[in-house]
Structure formats: C-alpha cells, structure tokens
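What follows is a set of notes on a single structure, which appears directly below.
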Amino acid sequence: MPTAAHKKSKSSPRRRSEPELIFGDLWEFDPAPESADPKLQARYRLFIGGKFVAPKSGKYFPSFNPATAKPIAEIAMASPADVDAAYQAAAKAAPAWANLPGAERGKYLYRIARLLQDRAREFAVAETLDGGKPIKESRDFDVPVAAAHFFYHAGWADKLAYAFPGATPQPHGVVGQVIPWNFPLLMLAWKIAPAIATGNTVVLKPAETTSITALKFAEIVQEAGVPPGVINIVTGAGVTGAAVVNHPTAAKVAFTGSTDVGKLIMRSTAGTGKKLTLELGGKAANIVFEDAPLDQAVEGIVNGIFFNQGHVCCAGSRLLVQESIAEAVLKRLRNRVEVLRVGNPMDKNTDIGAINSKEQLDKIAGLVKAGQAEGAEMFQPKCKLPREGWFFKPTLFSGVEQSHRIVREEIFGPVLSILTFRTVSEAVEKANNTAYGLSAGVWTEKGSRILKMSTELKAGVIWANTYNKFDPTSPFGGYKESGFGREGGKQGLADYVKLT
Amino acid sequence: MPRLPISKTPKCYVGGKFIRSESARTFPLNDATGEFFAHMPQCTRKDVRNAVEVAAKAGGGWAGRSAYNRGQILYRLAEMLEPRTAELVNALTLGGATVAEAKKEVAATIDRIVHYAGWTDKFEQILGNVNPVALPHFNFTVTESMGVIGVVAPDEAPLLGLLTCILPAVTAGNSVVVITSETAPYPAIALGEMLATSDLPGGVVNLLSGFRKEMVPTFATHEHIRGIGGVVNAADRKALEIGGAESMKRVKVFNTADAIDWYAGEGPKASLYAIADFLEYKTTWHPVGA
Amino acid sequence: MNEIGNVDAVGVEERAAKYGTRSIKTASKVKGLKLAASMVDLTTLEGKDTPGKVRALCAKAVRPHDDLDCPPTGAVCVYPAMIKHARAALGDKSPVNIASVATAFPSGQVHLRTRLAEVKAAVADGADEIDMVINRGAFLSGEYNRMQDEIAAVAEACGEAVLKVILETSELETYDNIRAASFLAMRVIRQGDFIKTSTGKTSANATLANNQVMLDAIRDHYFETGMAIGMKPAGGIKSAKQALHFLVAVKETLGDAWLTNRRYRFGASSLLNDLLRQLVKMETGAYQAPYTFSEAAGAY
C-alpha cells in the first residue's frame, strides 16, 4: 500500500514541501457503459399533422455521435415549403385545440409526461448518443425533468384563470419555436408544454445537430393520441429555422439560443406584431465570499461550469472569489477538477462528455487560445481524452482580467475564468459588468448579504449557496441581452397567453 | 387700460429642472383657433441622451424607496393636480377640447393616478410568488424594475393618455423619458410644473416635447433605455423593434391604428399587467438545511 | 473555531449522492472489494460477547474466506475485557490489529481518570488501537478546551497505540459541528491517528455525507499542517455497494494515499460477509446466498 508522498508544488515555489494530494491510478474504474437500446431509426422524417412525412425536397442530412464523430441517423431537411405545411397543419388544429376544455387538454399533457417516463432510459440513451452529454445527466436530469415539465403544465390547462387575476387568458394561436442543442429534449419540453397547455398549437424546430429525441418525442405524441397538427416538428438548419420564425401564421415566436441569433430574430419579426420570447446567452458570475462553505462552493463552481460540458447558457463561467480565500479555493478547485472523469458519454461514470459538434469544439479551442495569448494562467487536469470524437479538457484560467475575451464572451464550453474581488461593491460591479443578465451565483453564510446580493445582481436567476438548479415551477430567463420572457412557473405561462 | 398679461415660455421638465432644448430649437404652437400660443422646445436626440442620463441616476433611488413611500408620492401627485384642475383644463382646451371634455379628462387622469398609487405595494404580492420546487431548496420569484423606460405619448387624450402610459412604468419603479404629444404638447408642460411640486424625485419622469421622427430613432438604439412603452405607428414600431434588437429592448407599445379607449376602467390594459410589462422577474434559490 | 469554516447541508448531501451514482464494474470491483475487506475493523461489541465468539471473530479476520484470495481485515474491534482473548487467538505477530473501544464506550460519561485508566489497561492487555469517544457534552456546551484536553490525555495514554477519535456524529447533529469537532480532535492527535464517525450505538451512524465532511476536514488539516489523519466511518455500512461508494469518496477527496487500511477503516460487522459474497459472485458469476458465509459477529 502506498504512503502519502509530498510532492513539490509548482505553483508556489516559496514553500518546499507543500502537502499535495495524489490522484493516481491506484484504483481505476473499469468501463461501465449504459447498454439500453435507444431504438433509433436509420432515417427520420418530418412530423406534420400527426404523421411522419418525407421532406418535399427529398433531402436528408446526417446526425453525428459527437463521441465518435460518426453518423448515427439521417434527418430530414425541411424546406420553407415543408415549414409552410407544418404551419397549415398547426393552424388547422388550433381552433379545436383552443376550444377543448382545459381539463381535457391537460390530460394529453399528463399522457405525454407518463409516456416519457415509460421510455425514459431509451430517451436518455438516444439523447447521449446524439448530443454527447454524459448518460448520468440525460438519465438523471434531462429526461426526468422534461417529463416533469409536462406534468407541471398539464395541471395548469384547466386553471389558467387563477394564474391571471383580473384578466382573461387566451392562446395566441400558432407558435413557432426554435430550440438549441444543449438540452434537446428538455428545451423541447420547456417550449411545448406551456404552449399546448395554454391552448396554442406549435411548429417546433430542434437544433440541426440534435434532432433525434425531438422525433422520438413525435412518436410519443402519436402514442398519446394528441390531435394531429397540435404539435409539428420540422428539422433542418438555419434556413428551416428562419422559415419557422418568419412564417406569417406564427402569432408568437419562442427561441432559445445565442444572443446573436436572438437579435436577428427580433429584427426579422420587427413590425409583424408577433409576440416574442427569447432566452439567449449568458456570462454568469459565480461569486464566492470568504465566509462561504468552501467545499460546497467548490462543488457549485464545478457544477456551474462543467455541467453538460459547459454547454449551458446560465453556466457560471466567471468565478469571482474574494481575495482572502482565492488561493484556498483555487487549490481545492484544481483537486476537484483532477478527479472529474472525461470521456465516453455512455459510460455511467463519465462526468464530462463530448463537445456537441466539431464547430463548437473549434470555437472553444479558439477562445482558450485567446485566453493563453492574453496572458491568463491555464490549468487542465492530467486526464486523457478519447482518441476519436470531440472532447475538451475541463479548463481553469486564473490571472484573468475583466477585459479579456474569455471573460467577456460566452464560450459555451468547459472553461472557467477566475477573477478576484475585495469588497461587496466590487463584486457587484464586476458581476454586472456585462451585457448579459441570465443568472448569477452567490456563496456566503451571511443571510442578509445573500438578500442584498440577490437584489443587486442584474440577472433573472440567482443561485445562492447552490448553482444550476432547475425546476418546472421555477421561472427561468434573463435580463438585458440574455433575452426576455420566462420559462417555467406562473411567469412562464404568461408568455403563452394574450390577456384580454 | 387692460393689463398686459405675462405669457409663459414653455419649458420641458427634465431631471427635476425646467429646460429648453440643448439645440435651442423651438417650434411654434398655436391654439385651437389658430392663434399663436408659444414656442415649444423642439427636443433632439441629445436631449434624449441627457434625459436618459438623469433618469438612470434617479432610477435606483426611486426603485429603492419602500413601496409604501412610492404609493404616498404618487397619491401626493394626485393631490397636486386636483387643485390645479382649472389650469389643466385650460391646457387641454388649448388643443381644441371643450371645457366639458377637458374636465372629464382631468378628472379621469387624477383618478388614474390614485389607482396606480394603490398598486405600488400590492403588485408584488400578485405577480411574485414562492415556487414549490422538487428539490431541497427555497425558491421565490420577485419583480424588479427594468431601469429607464422610453415612452412615446399618444396624440389624443394628451393628458390622460400621457399619464396612462407613464404610470405603469413609474409604479413599477422605473424612471421614464417621454416624447410628449406632437399635436398637443402643452398639457405635458403643465404636468411638468405639477410634477415639480410633487414629491416625485427629479429625474423619475422626464418630458420632452418635439417630434417623434427626431427622437424615436434614438429611443430605438439607446442601449440604456431598457423598455419602450406608449403608442406608435407601424413604421415607428418596426423601427423600435429593429433598433431595440441590438440591446434586447422590451418593446411593449400600443398601435396608433388600434382604437384605444383611454377612459376604460384602468386604461386600455388591465393595470396589473400594464405594470408587469415593465418589470423583470428574478428568481432566487437557496438550500434549506441546518 | 471561526477559521474552521462551515458546511452547507444540502450541498454536501448533493456531493455525497454523486458517489452513489458511481458504477464500479469487473476488475475494479474485485480490487475495490478486496481493498474494502482489508479496511474492515471486524467488530463485536455486545454484552453477550464471550471468549469463544472473539476467537471465531479473530479467525475470520485473519482468513476471511477459505477459497478466495482475500486479504485479512485491518483489525478486530472488541470491548476491553475481550482484548486478552483476541491477543491469545491472534498471537503476537498478526497482520490483524486489535482495536478496542475504551473511555467508557459508548457514552464516555465517567471520570477522566477512569477513562484514562481504561485506556492504559487496554494497551497493557495488547490493544494496538484505541477507539475513544469524545466528550460530546463538553463540545455542545462550548467547552472546546476541555474536550481537546481530554483527547490529548487519551492520546498520551495510548503510547504507541493508534488512536481513533469517535465524534458520535448523530449526537453532534449538524455538519458544522462535525467539521468543528473533527478539527478540534485532529489538532491534538498524532500522524497516523484516526477520526471516526460513530459508536454504532445510536440511531444514526456513518453516512456518505458525514464521511465527506470528515474527509474534507482531514484534507484541510493535511494542507494546513502536512499531518495525515485517518478516517473510520462506523455503523450502518452493511453492503459491499455502500462500502465501494465510501471508497470512491476517499479516492476522489483524499486520493490514492488514503486508499490503505493505515488511513481508512470501516467499523462494521456484517459488511465483511457481503464483500465476500460479492467476491465469490465475481469469481463464479453466480449470486450467493448469505448462509454459505460464516457468521462473523453480531449486529453493529
């Protein structure tokens, strides 16, 4: 049995034998792959008017497994004509769906929630295969929370009058929805559940790289017996998305994705009278005060930036640590990152899976290079990356300045920038010094300071002594250039109704 | 020999002070009979910029006051208007309203102020809530003001319409920069003089007379203006949404083309939701554990 | 006390739950099971213990299974009156240490001089390791110096014997208290000594969360002083799967240097048999019935 070895610390040459921990291979874990069948089809068509239909163009594009960089299925490329067909189906279904008693509408959502739970493992495997996120996350987070969203909103369908005192809520009609690739099924649930609960019908476009669970969801829509046309799913790339956003039938457009595309959408829908909700990018500050519970803060920092490979709009990508504890936090953080398991997303022990696409991997690598070039000090753990597929090591940058690109730009990857502060007002100023305002984290044991920080931080979600928590009952959405509108909770419901 | 009355140089109420346009430009305003009445300040994009500066400065203090205090201040505003009814009636008849119409509009305006004064310490209780999350956390959603709101006042009902557009944003704790009615700007001048005597902190309401075509483009692109309210035509709406996209402005406007009943109960929109238009929702999580 | 810091209860339980999702398979499972077996303090602490029971326990500790290549356990753990019988059974040069609960286990509610006399007698009888209980009353009433002085006195009375300081976490109630008590104890014990969760005699015992709080404290103390303190969760760890999750916590918090029975122990009685069951299953591929394994000790 080995004994404790005292390794010389590279970071602080002042002290000769600073105690270090050894995270070696004394007890290495064998592969523990999830083996459930994702029940994939070789080719996925569009889901329009309750039926799977071939795209009018006859064109398909491949969807890749990011862990192997190999194609796993073909996805239909919807042209504007296909999108138009989807809108026609949705418009046709809209009056009957809106006039259905709320209690009956709700039952369909309950059915969907149950069917998702029935097929949970199959969906989790499909999600991981197509998107690259660790099976642990798709199994324990994405799929169960997606089902929970339908369950939550199912109950609202016959209680809408209670949500809006003094007003009468009415559906908008047909809603066009475009979702991102980071939480494919969950974002679909966030979009579709409140829309149909309130009596709207939808045309939804999943992200180009992660269409599969949306089309598997279409199978559930059929199994649930949802009236044809209430939910339509069209797949494709930017052209398809633009057709969804710009179709004149859309009374409302809901988009989750990058701030750049969000701005494009706002411009292109300008003057059309379409109601708009946008859930866009972020560059959240995660602020750790010296009286914080350090180990839980470190865990929250890790969860904040490495959850889903950092492909999270609300990721805590800017760590602000009070100067007096910066060393201590950094040391614990390095040790924690050292034991993160990066690799095959299908392995039940994997903490950090594959980067969703080659394009995203290149973007992350580019920004990390910029960070190095700007003089920040980089730390990456010794972990080995798989030889094939798209992977990136969890990365910590210290010695970072507020003006650095890695501090200002959303990286959307497992890269953390670490800054320090001395006083409460400095922390607030640095945290708010961004055009984004989606989320923020605060770690302190002082109750009054938590409430003060929660008031001062200009962000839609504040995680105090925790990070990256989500729930269907909890509204999510941003301030400033992180977009507008909320998803989840009573407030999220409001964005899917007209109040008269 | 009849005494020669003193005529007033109309000034805009900005940052708690009375200003002429920084450009020193004016436009002549005639009364309903076509007689010259006064030279109105013709405010420019630079006046908008200056007004946004003072509005932003005043905003934090206004939002930070207790809801009770904001309610009292708005009620005090109603108290300031009521005894000045005659002056406001004159300001409205100048634009062509009959005395009866003007009296009705002033009364409705004062009542609307009182209505919103009562909301300041209540909207939070209806719009915010605790969320029963399925995790060992306490989770609550509260509202927060947006910051500086640009308001484009309607031409019709130049007093009632103006205040119906201002009040929700101000009740929500925002400060406003207003482009007043083009065709009937004088009631806003009179209102400014009454705001100055109310306890509303300077800079919370800023009233600019002038032309939409000169100021709306600045409303659209000024990053610090976080939301837009009021009444605009289709072209201006499009311009505001296109320009506002860059800074993700919340554009919550009525269309000129739609018939708006300013006298309807709480205005054209249920007042709670008119306030909600200029609020952000903030949700806070905290673990529950010993 | 102020510099010790605090623990967020929900956060540490969240962290602990993550260990529970680790899936240990095939060769790594065999290695983990054997490592866990080598860390067991095979325990019998019952009023009805007899020399015969202790002899059987010692035999099991030395050679846990007839056919398996399973290492001996770290120690046997017995009441002081049974030390002589254990020493007789194990002989002078055994791979298995004798641990004994002293200091008026489990309450500790006797005079200090009586507790110290008990420790000295236990060491004289041949105990290699002493498991003491802290003065919870002193801790909870804020008499931290008294609590520490008593631990220091016991450590001195131990002489060469290894000391394990039982915090009795269930009586401390909060994670903040567990962290604080860990530090107070570690500051007065010696390199190679242990801190331990529980006596096994109260309603709540070792959990992944209180184990984590103590591992974090050990790490922080190590960073501060360079002194490596051991850890012993005790009570309630009955299944091999549980034990593996505790080991994952050690691996990911303190690293390889603590994956040894000189720095990590399980206070357990029935755990060993489940480790053996799983080892046989790994070897034969067939699930095992409990009755094929010799009864090791009473409930702990």
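Annotations
Think of it as A, B and C in the order they're written, each chain with its own count starting at 1.
Basically, a residue touches a chain if its C-beta (ideal position, glycine included) is under 8 Å from a C-beta of that chain, and two chains touch if they have at least 3 such contacts.
Just so it is clear, the model here is predicted, and its values are computed rather than measured.
Looking at A-B and B-C, the interface holding more C-beta pairs in contact is that of A-B. Note: the chain lying farthest from subunit B is C, by mean C-alpha position. Taking the mean of all protein Cα atoms as the centre, the chain whose own Cα mean lies nearest is A.
Once the centre of each chain is set as its mean CA position, subunit A and subunit C turn out to be 42 Å apart.
Taking each chain's centre as the mean of its C-alpha atoms, subunit A lies 38 Å from subunit B. Subunit B and subunit C, compared by their mean Cα positions, are separated by 70 Å.
Multi-chain contact residues of subunit B (touching two or more other chains) are listed as 137, 287. Residue positions of subunit C touching 2 or more other chains: 8, 10-11. Residues of subunit A found to touch two or more other chains are 465-466. Subunit B meets subunit A in the complex at residues 126-127, 129, 131-135, 137, 139, 141, 144, 226, 234-235, 237-242, 244-248, 250, 255, 269-270, 272-273, 276, 280-287. Residues 1-6, 17-19, 21-32, 136, 140, 291, 293-296, 299-300, 331, 335, 339, 348-349, 445, 465-466 of subunit A are the ones that touch subunit C when the two sit in their complex. Those residues of subunit C lying in contact with subunit B across their complex are 8-11, 13, 173-174.
Residues of subunit B touching subunit C in their complex: 136-137, 287-290.
For subunit A in complex with subunit B, the residues that touch the partner chain are 148, 164-167, 259, 262-264, 266-267, 269-271, 273, 278, 280, 435, 450, 454-455, 459-466, 469, 471, 473-477, 479-484, 486, 489-491, 494, 499.
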